[in-house]
């Protein structure tokens, strides 16, 4: 009954992350038989796409699995009849990220690619493209799953859930990374650790930690206070205050630093920016250039270890685990982004949330969150989710007024006047990528 | 970290079902190391208890596992320090069941031990006892799980959830039996079948059936129409109408016949009752006598195949699966009775529901139900759950007025006048077992 | 800003109730200036329409108010530009009502025009017509209010709320009648009495009774036990049991007798039917004939006192109060049928409910219900509302399967086999009025 | 049935506002017959109390109504047997307000007495006192209503609703003030204006404005843009941006400036503070001194017009309207603070909300809010309400951890580090008024 030859399309296939994915497909070939692998990119990314494609072919050849790699600029060809479509594109490329980080800084605001004004700008650029892909899937691969890694993953997934009928699951490496960090902190084997996460992408809390059948949440909170290493590659490694963590009653994620330590984070970011004029995007550009130099080496036929430094650790594992469980109707637990529908009853039913799910052939099914969610968690989630709802609507419908309210509401902006100034600069700087604002908002502003 | 020597207390250990459980403990000894097994019963059940206890010892000896069997009338001794307490007692024994079935029939109503006026009477007798056990667990084994099989399992579990702080899971063999029936109907291997159930104990619907990764719900509904064998041992085997099943959009459970076919079921029950003066309780008494004759045979050292006929098929499997998954933090899916808390958002948060759950060391965690629940399912569930809420309150608090409203509301009663007559007869016939009604209601009625 | 010349269209203007309305318009002319009054009916009702029209003209002339009466068979003409459209038509006339009462009786079921199988049949006939009217209003009088009296008023109003965008309020004389009965029972002036009602049309409970600032609910329940006169004209006057009322904690409405006393009510109905072959419809036909004889008397220029006997007491008062408060932005309290949206949080948001509302120029706005609603009330409401949802859908979309589930679910039917038999006979007997079932259901059944 | 001689206790009777109230009692004596009026204060306020008491006696004598004024420091005597208890005390007096405004400013945060860190401090001081009063009412006047004006009125009212069983309604002059401002803006008579407000105290939006039966919300938003005068006395009069207002879709209240214009407001506040070292409290102290000088004039026997300047315009009208409607079971609409219970379904059931209510003898009953609430309103309300929940808990239970989370969460603080610094300084500066923090938090901090 189950197909034994799968077609997978990777949108943004020229990404430096792709060798991670290739490695995953190779390692899991036995339980997830990809036969046709389409790497898709746009004209501007053609060179990278070809480089990555050739590396993929060498990796596959060396591994001796029968996966055929196709590189193409024709997205429809890649999607047609696919079983899985993964999305990892960056609309506007690293140049746009650089602007997303720098515009807010000029207004005294944190500039970050997935949250605040920077995440807002990225969402505006990305959502029209992801909805185009969703429409092509409705037409050409209506039964396929879209596995979305594209950031801001929660917002992008929510857009697809609201504006399309295709099946989609949003994926981030933060949950799996958090589990690894906790295992390390406790000296436990990661397979013995089970965590409950409650929240939304890049704003979730680990509300319960069980190791070997025992709930050790309180003990982990004690250990976590002040600890370093409890963060993702791209988030400053400030330690949490012990009293604050106990008062929280749950472990915040890496990205919470942008909220609870917004003063410290801004200071650090701004210092670099003032001194060197650079932001994280500039570092990433450099790393990427180095990676592509490596990728071009015809002698390379494995994922180079330097990729680990890039910030996307465990993406491959998370992605291939998810697709394998869907394909095999595995009914195991993974933490992914899905439609809320009452799992976090204080958030809208149609919001995307990032929670523990049972993964089977029919998709990802949230499991009830057992830890009580205190007001400090609930309130922040509700505020940021309201921002996300407004952002999704503004991006999908090109509605300036809604976008203005979104930015005003975000805790990293929080002023109507600043919101308007930053929004207008974002629109101007990203005009080629924001066709949805041409008609009304943007035209009206010019 | 995990204990490697478990103590299990079986309340109602003298039941004819016990050899099922013993077989389960033997077969799963490797992953669920029971070392001390306490079979508890009351004075009136002493002889049966001893018979079952000796059979258990012979079975264990033959199997060569190091389980020690204790038979006792001292419930506190059995509970103290237990890891699991299972409850399968029948307050008032089969004589009471016989009355539960016959009183309603005399008023022209269906007489059944788990639903309608009969189930109501059984709940009134059972809930005070289960709450006593829960209080003893709070004192003597506060971290133990109560695994409740006692019928009406949904109502009894709800009483424990509402009036006690211990951890409890309610269990019925209907979900596993339904899965087996569906596998048989489809010619599929049961391990390939995955079902989603929505509802409450003895009133749940199979809302989605997946075999080998494909959703075949509609096909199964077609096949199920008119089919025999789609019922539990103790429910009449009337086939479902094809048009009705399609209109329902989900597979009703065995016990739905008492609702949707109440006219046919009453007619059949009443015919036997009028002709022979007997009901199902009388058949069960006969079967039990035969079983105990077998159990007394000192040559018997395995579960006798005749037990299968008794109606409790798969109980052992369901129970031992559940305890093994808790003990091993297994995170697999089982369909059990737990607190609702929004999984069926149209039922009260503190109601018990019977749904797909992830089972781990912290208990049973419901998984979101993905099938839409149409009004015909929702409305009936809401009505019967309201009856159950009232029944739990009446039983736990001895509140006559609330009991009167419960019975009036039940679709198998549905008249205020009949409800009062039947309720008063139930109180009179069960007086020794209903101490909670002595003070107010019952005294006032006498 | 406010119009000072109103146009009102009365659909079903040839009804024997119309003189009630006319009297109301005359008495309230000062605060509700109707200038153009259109009485609309269908060809079969032309004679009655003309009789009523002439009586209306005589009443108005005698009162000396400048209302112009128009009688017409052209509904669109009447609706065009209207400020209020009231609906009081009876699709299929009293002949259909007679069938609605008699078909269920032949299957051993209560036959009643607004509930059970009879109410179901009436809903199937009425909803397509009311939706036609709503569509004409969308086109010809988009800002008008539809004031719906047509029974089953809750279901019919819910259909308009779900399938149309016009503004509508459903109205029944039961709330005002109940308030009058309570005032009489307490010996209080009706203006000093304030009641809170919770529920749906023809199934609502008086949950709180305040007289002169004091909550006297419990005292009224005591007085109400066994009392006669606590019912509407057309519902048998069986008294409530004292213990049952106390256990309920709220005063049931007249129509609750069809549920809680279904055995007694059926017995009485069936006795008359078996003995004389008649039902309530036959009595009403007789009364109506007598009324129309009176109406034809050219000397009659007031509402004749005999109309009071007809069963529609206070309709005029309720209807004119409602329209006057809307017109004058009065912000007073009335009990009407509106979209639920959380006022009864255990019913669907899009259900119609009958509750206390503030009436102003923007419509009817429910006030929070303060009395706790116990499970016995909640559960029955949920069941009957589920029946109503299914009925609305079946009627509006001609969906046989949904209709079958509706009837099976109703507590006055409650058997899948009977439901199918009765439904099929209803479809056959009402074929000319059920075009929506021609295509699929009905054709398939023939 | 209704009492014709009322006893009213005014806690904080020595307030400069009291003459407002006295005037109200005099003007409404016909419909609200206060006979015994107790003005209560504490030892430190004795002189002001006596001054106000003598003025009250002169006002009453001149008006010729039979109200007896009692001034007392014995709160229990005043409460015993009262029909209404109004609370308007300021724990710590203006000195504390001054600190509430200045401490935050020193950390670069807005310092305001009802919101942000200042409102938090005021809540910590006030809630223990209001709960003492509530307990005394439970004992000495269990049927009385507490009418609470004490700021932060929403938080204080929520504390009483959560920790006491007495009947309470929270009252603010902002709703009535907003209505007057709108009437003035539209050139309409205030009695023709009806507004719907949605939100919580000092954070509510006017979501619908009806004048003479017409919904003119959009027109008012246009007019309101940039207008001055749309604010309370004590909030800076910055005009709203037209585009922002249209995007909001509802009229923000005065206090929204602290959120949406936090940069501008801080700048203005801080400028004065840096230049003169003063805040609003210093202005108020001066005005109060002037008022008390007037009050001491034995020739004064009316409310002096200068009181209007004080900032509490319409308090008297709001308070007396409310009590009169309760006393007379009037069933009219007023905007007050009550338990939420689903009226704003996205806020907790037990939160206080400030919404349109029907006022009758049983209290204040919210009316459904008809305007859709967009995410920008919902999200901010949810965040600030979560802050309020935490504040109520911290204040009532003396829980430092909860208080720390409250302050961290508030959009006018928003940093864990700042929150801790400010909280610790608030605790130190207010130690005499914060007995609840002695045991745990405060002791631990010292």
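In order of appearance the chains are A, B, C and D, and numbering begins at 1 in each one.
Note that a contact is a pair of C-beta atoms (placed from the backbone, for glycine too) under 8 Å apart; a residue touches a chain by one contact, two chains touch by 3 or more.
Nothing here was measured: the structure is a model prediction, and the numbers come from that model.
Colleague: If you average the CA atoms of subunit B and of subunit D, how many Å lie between those two points?
Modeller: Averaging C-alpha atoms per chain gives centres 55 Å apart.
Colleague: As a quick test, compute the distance in whole Å between the mean CA positions of subunit C and subunit D.
Modeller: The separation of the two C-alpha centroids amounts to 45 Å.
Colleague: Two-or-more-chain contact residues of subunit C, please, as numbers and ranges.
Modeller: Residue numbers touching two or more other chains: none in subunit C.
Colleague: Chain touch graph shape: choose line, ring, star, complete or other and state it.
Modeller: Looks like a ring, each chain touching just two neighbours.
Colleague: If I apply the definition of touch given earlier, which pairs of chains qualify?
Modeller: Chain pairs that touch: A-B, A-D, B-C, C-D.
Colleague: Which bits of subunit B are touching subunit A when the two form their complex?
Modeller: Within the complex, subunit B contacts subunit A at residues 1-2, 194, 208, 210-215, 327-329, 331-333, 341-343, 345, 358, 360-363, 365-368, 370.
Colleague: Name, in rising order, each residue of subunit D that touches subunit A in their complex.
Modeller: For subunit D paired with subunit A, touching residues are 241, 243-244, 246-248, 259-264, 346, 374-376, 378-380, 382-387, 389-390, 400-402, 404-406, 408-409, 411, 414-418, 420.
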